[in-house]
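Both of the next two complexes hold chain A, though its partner changes from chain B to chain C.
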Partner chain A sequence: MTAYFLRRLLGLIPVLFGISILVFAFVRAIPGDPARVMLGERATEEAVLKIRADMGLDRPVLEQYFKYIGGIARGDLGTSIFSQIPVTEDMKRRFPATFELSIAAMLFALLVGIPLGILAAVRRNTMVDNVAMAVALIGVSMPVFWLGMIMKYLFSIQTKIFPPSARISDVLSFGFEPITNMYVLDGLLRFNATVVWDGLLHLVMPAIALGTIPMAIIARMTRSSMVEVLSQDYIRTARAKGLVQRTVIWKHALRNAMLPVITVVGLSFGGLLSGAVLTETIFAWSGIGSWIYEGIFQRDYPVVQSGVLLVSLVFVVVNLIVDLSYALFDPRIQYR
Partner chain B sequence: MTASNKIETPFNIIRRRFRKSAPGKMGLVLTILFIALALLAPVLRPYDASLDGNLEQKFQAPSLQHLMGTDDLGRDIAVRVWHGAQISLRVGVISVSIALLVGSFVGFLAGFFGGWFDTIIGWLTDLMLAFPGTLLAIGIVAISPKPSLENTLLAISIVQIPIYIRLARGSVIGLRDLEYVQAANALGANRFRVLFKHLVPNALTPLIVQATLSVATATLETAALGFLGLGAQPPTPEWGTMIADAFRGAYWDSAPWTTIFPGLAILVSVLGYNLLGDGLRDVLDPRAVN
Partner chain C sequence: MKKVAMALTLLGSGALIAAVAQSSKPIVVGSVGQPVSLASGKISDGNSIFVQQQIYDRLLDFKPGTTEVMPALALSARPNKDATSWLFTLRGGVKFHDGSSFDAAAVKFNFDYWWDDSRATFFKSGNSIVPDIFEGYKTSKSLIKSVDVVNNLQVRVTMNSPFANLDEVFATGYFGIASPTAIKKAGEDKYGTANTLASGTGPFVVKSWQTGDRILLEANKSYWKKGLPKAPGMIVRFISDASARVADLRAGNIDMIPTGALPYDTLPAIKADPNVKAVFRPGFNVGYLAMNQVAEFNGAKNPLANQKVRLAVASAINKKALVESFYGEYGVTNAYLPPLTMSWSYPKNQKDYVFNPEAAKKLLADAGYPNGFSMELWYMPVSRPYFPNAKPLAETMAKDLGAVGIKVELKSKDWGAYLDDVDAGKFQAYMLGWTGDYADPDNFYTPLIGPGTSKETGYNNPKLFALLDEARKATTKAKKAELYGQVAEILFEDIVKMPIVHSRPLLAQRAALEGWVPGPLGSEPLIDVTVK
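The block that comes next holds the complex of A and B.
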């Protein structure tokens, strides 16, 4: 297991190296000069050249790349061209926001998707199954941003049940010192029930919007995996022993049926991270997604570079964790 | 179990199985309906987006005269949604075709010949799959000089290529060592003949299913890029761009029909492709039993 783990970690190096080159090249290929964007159309040519020199943009590309890689190694990701704030500062504030949102979305996806899939499998080919799978199919066919807007219209504008945007009410954000920048968790850590409740209210709609597609995928996967497992001999044996349905489903079948579901959960994480770009735009959620999006428009090289690098890093690591977690769920798998 | 001694052709088997697949039939009907609507749009109601609009009739709620209401420029949303179907279909079909052709060609070669070519292609696919799809598409569109529908099409197609490389490579590797292929080799068949005559036809099934499902993804991604302002530009009646107009113009909440109907069009068309893809998988995958 340890050897396998190390081998997988080493295998990450060429991929991460490739990612860093690709991201670096990509960002520089975005048309438009950041110095020009920063100074505006009417700035003189000398001013633009001076800013370019200050930012190191007049150096050879290879030199810029090595400087950038060296910076990463030292934990220095550069300074945002637009806001002049070190990228790591922004990241510390924004990554927890996206993390909080993704966790909430994934919780929603798991808590709704798995029971829905189990229900459909157990009541296979009945009305219940059909309805559950119709819900799942509509879920994967839904444009995330549209779902977000419809929810916002129904629950914030028409009925005012949930706040329409932002992560926390303005009134509360003054005088509250965040620790982790995940407001719900921070509220708990500071024993501040108002913040916890307020944070949760702000979280509900974005999390559902973001979690709908993974929910649907998980429900479909759980169903098909469950159907397969339920037809196996050991399940018949368990039933023949006289075990009640509940025990058979939850203790015998579910554990084996979860393996493909875990893969899907891991893969959905990438979808969550890119879905975050859309969801965060709709709900004015100041996370990594909206950061990258704004960065592209402002030609903010260091921001886009670091944001995309972070997202793909998270994605790669999550997939590694998923692979490793197979061993926990399937005792037949042994890594060597 | 009738006493008929008619030999069933594969096509007959497929047709018989497809008839039994309720989602497949539903998807087929939806998709055909959608394609018909898209193709008929320019014939039945020619439309020039840049000339449209009647400011005296802006923000009208849905009525008999304007089935889906009108937007900020007094444009009829139903007509725009209808013509959007054409755009959506075009982007979906072309981008997936490119990805399917390029991806499976490369995948077949990599799987069949192996060696250093396979290693490099494997690394490149891993690399591309390390970026979440939509994010990669956003990146590709961002480096193009101007956001446009053509660039969206290209970006979506590039993002899908690695999926087809993997699938094609996998199915060729699975078939490569079967007896009939060895037999063909033993008979001295040319390597390319073995690949394209004997392997490729048998490896197509998963690719066809994936292609149908990819059109669904492509439709969603086109809309997403349009919504972010990175895809089709106004006044093109692309569905995502229409929703973006309403969102940025801050009239989506006072005139919700400007958002609801383009979104429903996305939902229904994607639903059709997904149903059809599911149906095809049931039919074409010999392991799938119902």
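The block that comes next holds the complex of A and C.
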């Protein structure tokens, strides 16, 4: 197990190295000149050339790349061209925002998707199954933007239950000192119930908007996996032994049905971290997705490179954790 | 301890916390985006100008809701007889937010910061707006000759040629007076970023800038306008999506949307909600369709190089129907680049291109294109006051042009690249526009059609440029009207940037907000605004 884990960790190095090359190349392939974007719509050619030289953008691309890689090796991701703040500082604020949202979205997806899938499988080919799968189909087809706006209309404008945007109320944000920059967690750590409650209220709608598609996928995956497991001999044996339905499903069937679901959860979670741009835009959630998005528009190379590299790192780490977790659900799996 | 200090810096100041705790309300503003920079004189985008209007004062200002100049940091601005020399007499006893004193030396420092490109650090601090207005920096062909300190409270600006409306230029949102101490402390190339912030003499002090999220401003308690600003602070939140901004306003999360422009299709929802109010900024802009006149385009003959073809395009587009359907009562179309508030500069016999598809077809046939031709039309990917949503407008124009045989390929690209390509003259036809900085037609002609724009459209008319030069130097309104009338008539025939619309940008506010008087110039300091 340990040897496997270390081998996988070492395997990450070439993956990340490859990603760094791709990101570096892609960022430079974006049309538009960072110097010109930085200087504004009316910049003179002279000003643009001077800034390009100052930023090292006039150097050969290979030289720029090795300088960048050298910086990463020293833990220096550079300074944002736009904000002049070290990229790591911005990252400490932006990444936890997305991480918090992604965890909430995944919790929603799991808490709704798995029971829905089980229900559909157990009541296969009944009205319950049809309704559950229709919900899943609607969920997977629902544009995040549309769902977000509908929720805002219903729950922010009409009923004023949930706030329409931001991570925490303006009033509360003054004077509250975050620790991790995940406000709900920080509220708990500071024993501040108001911040916890306010943070949760702000999380609900973005989490549902972001988690609906993974919820639908998980529901469908759980159903098909459960249907397969429920038809196996050992389930029939369990029933023949007189076990109650609840025990058969939750103890014997679900655990075996979870392996493909875990794979989907892993992939979805990585996707949530990188694909939350729309949700972050609709709910003015200042996270990593919008950070990279802004970086692209500002041609802020250090931000885009580091942001994409971080998301990629999280993606591969999450999938490594998923791979390692298989053994928890199926003891027959051994890592060599 | 350092962490605590940093967190407090990030999250707001003690005074603002106290204000919030006491339930006196800071203004929460929904902005379309974050500033490019807080360094004055180095920006031209509306998001930057709005925030800078709160942080900085300018030498002069505009009376609320108008384009009429009034004293600000300068008590007076007096030109000599031919407007080649201006004496600014400054207000005494004013302090910058960092505690340093405002005086003539500070004004000269700011001018050098904007204009003096002989200094090694000049270009590192960003591009100045100066060349657009004064034709060049200090070492190049600038209209400004020198800036001299006369005494502690007087500055003389000497021009190379008459400049009759210099007072208006220095009232625009570009030229806030920044603290020299703060610029030197931050470093010219770092000043005005999220890391170093900014220091002016204005009604609000910037406390933090959380990139991508918000800027926090606190009322300047030592503001020289006693009793102002009325609000204890301001939170400028960046909410890029227009429908999200409206939802935030209706839910009471933000108090006002003072910049940018909301699409007109959001108006019914705003009007139907008793808690919010639609606000229309007086129109002071133009949205236009530019046609590139270079002889060859993409290696082929460019039909638009022919004046008859451009006139055919102008005749084929039903501008009136276009503006009526997309802008309703909040837009007008005419043939002139300056908005209606400057109609005194229009020719005596005003006219516009007449929608006439048959005439357009005949013109095309006369020009040698009886079966029409194909062309590219580029539309903006972003919302601007003149074109809140450019794509459907472009589609309608393409449909009109298609009816006379001009097959239009609609294209768009990322905004930064779009502007680059406009500057480089890479577009055959494109949509763009302009919001005025001050109430002189020169501000609509020189940046849009002056000598500096020749590369954009291949248009180079020395006669027109000479007229523009002469009009700028003119010291009487009658003379200006005569010269700009001639300019407009030439442009009507040459059809370079065909005006499509002068719009009244749609903004909005909570009903509970009071004291906001939106002016025509894009944004204003919110010194009288309160939120109940």
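Keep this in mind: the second predicted complex is superposed on the first by the 330 of 336 C-alpha atoms of A that agree within 3 Å, B and C clash if a C-alpha of one lies under 4 Å from a C-alpha of the other, contacts with A are read in each partner's own complex, and residues count from 1 in each chain.
The rule we apply is simple: a contact is a pair of C-beta atoms (placed from the backbone, for glycine too) under 8 Å apart; a residue touches a chain by one contact, two chains touch by 3 or more.
Everything numeric here is computed off the predicted structure, so don't read it as measured data.
Participant: Sticking to the clash and touch definitions up top, decide whether chain B and chain C on chain A clash or fit.
Facilitator: On the superposed model, which is not a single observed complex, chain B and chain C clash.
Participant: After the superposition on A, what does A:Pro31 contact: first (chain B), second (chain C), both or neither?
Facilitator: Both: A:Pro31 reaches chain B and chain C.
Participant: Using the touch criterion from the header, give the chain among chain B and chain C with more contacted residues in chain A.
Facilitator: Touching more of chain A: C.
Participant: If we overlay the two complexes on their shared chain A, which of chain B and chain C does A:Met149 touch? Say first, second, both or neither.
Facilitator: After superposing on A, A:Met149 lies in contact with both chain B and chain C.
Participant: Under the stated touch criterion, which partner chain does A:Phe82 make contact with: chain B (first), chain C (second), both, or neither?
Facilitator: It touches chain C, and chain B stays clear.
Participant: Of the partners chain B and chain C, which touch A:Val316 in the superposed model: first, second, both, neither?
Facilitator: Once the two structures are laid over each other on A, A:Val316 reaches chain B alone.
Participant: Give one of first, second, both or neither to describe whether A:Ile157 is in contact with chain B, with chain C, with both, or with none.
Facilitator: both
Participant: Regarding the shared-chain residue A:Ser286, is it in contact with chain B (first), chain C (second), both, or neither?
Facilitator: second
Participant: Report for A:Ser165: first if it touches chain B alone, second if chain C alone, otherwise both or neither.
Facilitator: Once the two structures are laid over each other on A, A:Ser165 reaches chain C alone.
Participant: Which partner does A:Leu273 reach: the first (chain B), the second (chain C), both, or neither?
Facilitator: Only chain B is touched by A:Leu273; chain C is not.
Participant: Give one of first, second, both or neither to describe whether A:Ser141 is in contact with chain B, with chain C, with both, or with none.
Facilitator: first
Participant: In the superposed model, only one of 43-51, 97-105, 187-195 or 205-213 in chain B has C-alpha atoms clashing with chain C. Which one?
Facilitator: It is 43-51; the other listed stretches have no clashes.
Participant: What part of chain A is shared between its chain B contacts and its chain C contacts?
Facilitator: 30-31, 149, 152-153, 157, 281-282
Participant: Hey, which residues of chain A end up touching chain B in the complex?
Facilitator: 14-15, 18-19, 22, 26, 29-31, 137-138, 140-146, 149-150, 152-153, 157, 270-271, 273-275, 277-278, 281-282, 292-293, 296, 304, 308, 311-312, 315-316
Participant: In the complex formed with chain A, which residues of chain C make contact?
Facilitator: Against chain A, the touching part of chain C is residues 4, 7-8, 11-12, 16-17, 20, 26, 28, 34, 36, 42-45, 123-124, 126-127, 129, 131-132, 189-190, 193-196, 209-213, 235, 237-241, 243-244, 247-248, 250-253, 273, 413-417, 419-420.
Participant: Going by the contact rule set out above, which residues of chain A touch chain C in the complex?
Facilitator: The contact residues of chain A facing chain C are 30-33, 36-44, 46-47, 50-51, 54, 80, 82-85, 90, 93-94, 149, 152-153, 156-157, 160, 163-166, 170-171, 173-178, 281-284, 286, 290-291, 294, 297, 299.
Participant: Chain A touches which residues of chain B in the complex?
Facilitator: 23, 123, 126-127, 130-135, 138-139, 142-145, 216, 220, 223-224, 227-228, 240, 243, 247, 252-253, 256, 259-260, 263, 266-267, 270-271, 274-275, 278
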